[in-house]
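Letters are used for the chains, namely A, B, C, D, E and F, taken in the order the chains are written, and counting of residues starts over at 1 for each.
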């Protein structure tokens, strides 16, 4: 196998090197890639959308279809993880463990028995380890700021690097950080599985709904300039606002997908205490 | 805006379970912590954003409201403590930075010393601290990690510290002055 | 080369010096626990000094935008000061739980 | 000043090589984690330097901020592994 | 754009990639893969692709390494190659 | 000879991308462990993304965010001054989609481990044939 692999790799590499001889030299302003379409984007995007960040303008406006289906791909990745891993049926009844929050006393209930939900006791796993004090407290302080930064990134995708994808990933990372520093159960308690599933779909729906709104107003799909009538602004600003709406949709979808994948992977679909 | 926001926060009241043991079972009746969180967040937002037109400021208010709704129970500040802390923290931070400098010069000396292996003598020091409160303990632990040749290995919620010291001289003065200063910064100066 | 640039250079180079100490210390120290000392401390201080240099350099052409950018750099410092000891502590904790014995004097380097 | 930043960045890249060596040869996973953590803290400084080299500091500072916020999550996750599964070289059975 | 740093980081990237594949321990491989994505982020900001660098910073530092560690946690660390 | 050397030096980054790509491909083909294969897949993917992004680089260009913010619409923008943003757009989404597919791949690996109790490819194949 090793030999075959080496041969395949060598042949492919040789072909690529042969092809690389025809590539334009690195950082050449006159290379074909930057002479046909991109000058239009660079020179016109500010006039047409009033968005200084060209990448955001191209991402959400000129190539809106592409991004919409990328969002759909992310959504379906989350769904696939759920269907692959989630074990919904209950296995044979096993004993449950509860921990008294204030004193740390653990009690074990025999199979089938359940404790009424109360604030004093929390359900834990057999292999439960207490979260570390320093990590827990430091993360508790850091998480709100990370979330605020993520929202800032989503809101300011027009003027600085950022946008829905980055902000959504950071927001998801903050929830993942909560799950790591505390445990998965409390993270799921704050953000239930149902909510995540709904958010995941809502994100894609916001994106598609913005496009459909344009369609309803008798324009092309995802042509935001027609939103000017709804928002009472001029068409150029309307395009910038349309981009913001789309970015929010992307952010929500990415956020929910990241948390969903993490929850499923780290607990192998059982939603017990994860990593 | 404020009214709507408080309505939103009212929902949070139900969902924030008693996962904070030190907070006790007392139901939050006042919105003080929420307002403080909101204003801290808004201050940070202004620094981050750097745009002061109404559109971006309203985006900021919405974002801060969302963050307050999501995680005010994580930050849980109090108005009085915050103001006092601000005045007490500045001298502590200055002192800490001075200590960090000394610590780093010491470690750098060890790193570049040709016979480094003879100089270092790692050991684990155990002591008990009188500090109470998670935040004070964590500040103390992180300060220990940042200063002379010592790293906090383990802290129990009761205040038992285990510290890894790189040589004998580093581990000896603990808890010492630093604990007193942390206690002062957090208003626990009786300890 | 005015006085401002000299201050920036001095701060930057001292920061780089401490970062060097961190990198060399990670390589030279004998075991995992003692390696954490340079990694946790020297990198933090090196970053602090370098960031201070950047703040001063950024404020050279003063404007509101530059001031806000400098404040953001200071925010980075705050986050490093919170996150770096936490990460260090996380690694130490993992080492203790994994049952790694600390190196004591006279042993071989590992 | 540009030249100073350029050579400082090159020097930082060299320091990253040193940390990477520890990450590569480290006898245990924890040593690798130390090396990677050190690389992360140098990356933040290097990102800001690149921002100065482009003369667009206000754009690059966001990336560095995101980096400073997030680069300890990976280390925390890897250290959390050892809280659940004890043992450095081989693992206890965990179900 | 800034070719000396570009070359230096590219070399580091190749070393980190080989290291991540050579390590005989899956947890170590995922940790090294984290460092690989750190350098990728640097590389993209050197090329001036700020948005891509931002994405990689948030993804590489925040999420992908955590996914790897979680998967290794749920499976096994042992590997023969 | 000098011609060859100048070509090699001028396109140094392409050679490194090809090296990275080959490392990833080799890992995907030869490595026995599924997680290692996934790492190889990611390396391959990042090499392609690197190639795309490097197409857009322009000498003397700045980052593709127009320097004058709101209000100054009359400011003339020259395409030569800014790096080509198009590859960035394509690759930005590719990275996030890459993470999502990474999650799916890891989920598959966990599923396989639960069924066969191993991550090694040959052992899995042996178990499949044995059944």
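Simple rule for what comes next: contacts are C-beta pairs under 8 Å (C-beta built on N, C-alpha and C of every residue); 3 or more make two chains touch, one makes a residue touch a chain.
In this text, all values refer to a predicted model and were calculated from it rather than measured experimentally.
Peer 1: Moving only to chains each one touches, count the minimum steps from subunit C until you reach subunit D.
Peer 2: Between subunit C and subunit D, the shortest chain-hopping route counts 1.
Peer 1: Going by the touch criterion at the top, tell me which pair is linked by more C-beta contacts: E-F or A-C.
Peer 2: E-F
Peer 1: Once you find the CA centre of subunit D and the CA centre of subunit F, what distance in Å lies between them?
Peer 2: It comes to 20 Å between the two C-alpha centres.
Peer 1: If you average the CA atoms of subunit D and of subunit E, how far apart do the two points sit, in angstrom?
Peer 2: 10
Peer 1: Of all the residues in subunit A, which ones touch at least 2 other chains?
Peer 2: Each of 27, 53, 55, 132, 134-135, 138-139, 141-142, 145, 149, 153, 159-162, 165-166, 169-170, 173, 176-177, 180, 258, 261-262, 265, 268, 275 in subunit A touches at least two other chains.
Peer 1: Considering subunit C alone, which of its residues make contact with at least two other chains?
Peer 2: Those would be 24, 36, 44, 65, 68-69, 72, 75, 79, 82-83, 85-86, 88-90, 93.
Peer 1: Multi-chain contacts only, two chains or more: what residues does subunit D have there?
Peer 2: Residues 16, 33, 35, 54, 58-59, 62-63, 65-66, 69-71, 73, 76-78, 80-81, 83-84.
Peer 1: Considering the complex alone, what residue numbers of subunit F touch subunit E?
Peer 2: 12-13, 16, 19-20, 23-24, 27, 31-33, 35-36, 39-40, 42-43, 46, 49-50, 53-54, 56-57, 59, 61-65, 83, 87-88, 91-92, 95-96, 99, 102-103, 106, 109-110, 113, 118-120
Peer 1: For the complex, give me every residue of subunit C touching subunit A.
Peer 2: 79, 82-83, 85-86, 89-90, 93
Peer 1: State the interface residues of subunit E toward subunit D in the complex, per the touch definition above.
Peer 2: Contact set of subunit E toward subunit D: 1-2, 4-5, 8-9, 12, 15-16, 19, 23, 25, 27-28, 30-32, 34-35, 38-39, 41-42, 45-46, 48, 50, 53-54, 57-58, 61-62, 65-66, 69-70, 72-73, 76-78.
Peer 1: Per the contact definition, I'd like the list of subunit B residues that touch subunit C in the complex.
Peer 2: On the subunit B side, the touching residues are 44, 47-48, 50, 97, 100-101, 103-104, 107-108, 110-112, 116-117, 120-124, 141-142, 145-147, 149, 151-154, 164, 166.
Peer 1: Touching residues of subunit C toward subunit B in the complex: what are they?
Peer 2: Touching subunit B: residues 17-18, 21, 24-25, 28-31, 33-34, 36-38, 40-42, 44-45, 48, 64-65, 68-69, 71-72, 75, 81-82, 85-86, 88-89, 92-93, 96, 102-105, 109 of subunit C.
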